[in-house]
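Structures follow.
Below, subunit A partners subunit B and then partners subunit C, in two separate complexes.
Moving on, here comes the complex of A and B:
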């Protein structure tokens, strides 16, 4: 994919994360009750709305974070041959983390 | 002369300063230091997400494992860390919004003739930066009060 498209996706995921994390923080810390108690966490985990939000949060967060990391590494002028290795490594890390984290939220649903 | 396609060329000059260039390479403006802080907070948030996912993974061990993890994370040291994470998020989000508006050209303003004394475009946009910092300070204070009380 072209670098400009990757960058536009970085902006889109950044804007999306602002709202998703805002909702996540609001529910976790500004709502009444104890947000990290087992009952409260289980209640949120059983909701399909929260499941959807967590999965979007995960996809947007992983893309934004790993693409940001890629940008920082590329600024250090690594050779072109290493760029592809970096891309595949970050993709593998992203897929692995997504698989693990998605398993946690789907398992709890 | 037939060269490599643009996508395969190294189209940038080598970054000889490396990480050192984040801190100092001459007279940096305020925005240049915000750039460095944007990267540092981004890396910090990435590290936090990793730890957050590991902590959330303990729910797979059941209620006891979850409760033990939450008790371990409720000590004052982690509460301070939690505030720093929220602070990093607020800064990264607001500065990121400023950068998006700037990169897409919404805050560039109209071009001006180069009449002495010259004012570069970065300094003309300084009020936006200062407004962002003011909003950030207000939000950080609000979150601090919420956490303490």
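Moving on, here comes the complex of A and C:
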């Protein structure tokens, strides 16, 4: 059941995003000190824990967003024969964005 | 006598490019329904008006219409309850119009058929030519009976915003009926129906607006059925779904004794 599995992943990534974005917002705005200063940002960028968190945030955010976009496109009554093309196109977009964004995050590490 | 103004959708595909509204003023009477008003117009004012109706008591589901912008059964809509003397009647939205107030329900029936709306038993010979009754507890009956009241009137499909945006979406009626059969202990065809509901234009395009349940004249609550079907499909996908034991055949009573004494008759010629 492909669609059901995709939807379960949508729920999981949604819950994951809540925590990852929460951690990111907490570190950026609520933690003590000056979290948005250059030193603080570069310190987080050099931390393997934060690197892992941001990579997960990237994967979860990309999946959640692209699956949401897929649902919106499906609602345009596109025929079932075109769904595979749509899936491959979104996968290609996702991989390209992930590659570029992961490069930036890892490069800053 | 109070008068009512009916603004009725007229459309003849051979003559009109688009549907338009025609106004009729008719006398009202106590207990009058919208269907009574339409019948009055057809019999006394304009006999070319086309609409579909049959039982006149909310059982057959033929007279589904958009009445003052809400999908309702015309026979089940007393004029007094509409709280206005101006009544606008249009054909059900989300369905093609055949003529005037007659929608084509073909898309509904095609989608309904696709979910296999019948008992798929472990022994199909027994289903088609039963030798005995199935035993079923009250709880087993209550698991599906509410959803079995569907009269296929199409009001839920007309109310559904997801059907309005995506004509390929299965819709509340077929999905609700898919759950109705999956919840029946006599049935073992859940996997086949899950496969249909799992299509790209299937169950996951339902955004739980709840308009279907609000419109349903029989209290079927298709939105609840869809949520229960979603739960069953997620559980099945995660292999958490409990396998239900198929219903067993009930033993026929050894002797059938009448509750009251019935005298035996012998026919003499």
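Definition applied: the second predicted complex is superposed on the first by the 106 of 109 C-alpha atoms of A that agree within 3 Å, B and C clash if a C-alpha of one lies under 4 Å from a C-alpha of the other, contacts with A are read in each partner's own complex, and residues count from 1 in each chain.
The rule we apply is simple: a contact is a pair of C-beta atoms (placed from the backbone, for glycine too) under 8 Å apart; a residue touches a chain by one contact, two chains touch by 3 or more.
This structure is a prediction, so every number in the text was calculated from the model and none was measured.
Of the two partner chains placed by the overlay, subunit B and subunit C both lie in contact with A:76.
Residue contacts after overlaying the shared chain place A:100 against subunit B, while subunit C stays out of touching range. In the superposition on chain A, contact of A:4 is made with subunit C only, not with subunit B.
In the superposed pair of complexes, A:91 makes contact with neither subunit B nor subunit C. The wider contact with subunit A, measured as residues touched, comes from B rather than the other of subunit B and subunit C. When the two structures are aligned on the shared chain, A:25 is found in touch with subunit B, with no touch to subunit C. Put simply, subunit A uses residues 2, 75-77, 80 to touch subunit B in one complex and subunit C in the other. Listed in rising order, the residues of subunit C touching subunit A in the complex are 162, 165-169, 194-195, 198-205, 233-234, 236-238. Of all the residues in subunit A, the ones that touch subunit C in their complex are 1-8, 71, 74-77, 79-80, 83. Per the touch definition, subunit A reaches subunit B in the complex via residues 2, 11, 14-15, 17-18, 21, 25, 29-30, 36-38, 41, 45, 61, 65, 68-69, 72, 75-77, 80, 97, 100-101, 104, 107-108. Those residues of subunit B lying in contact with subunit A across their complex are 7-8, 10, 12, 14-16, 18-19, 39, 42-43, 45-46, 49-50, 53, 56-57, 59-60, 63, 66-67, 70, 86, 89, 93, 96-97, 100, 103-104, 146.
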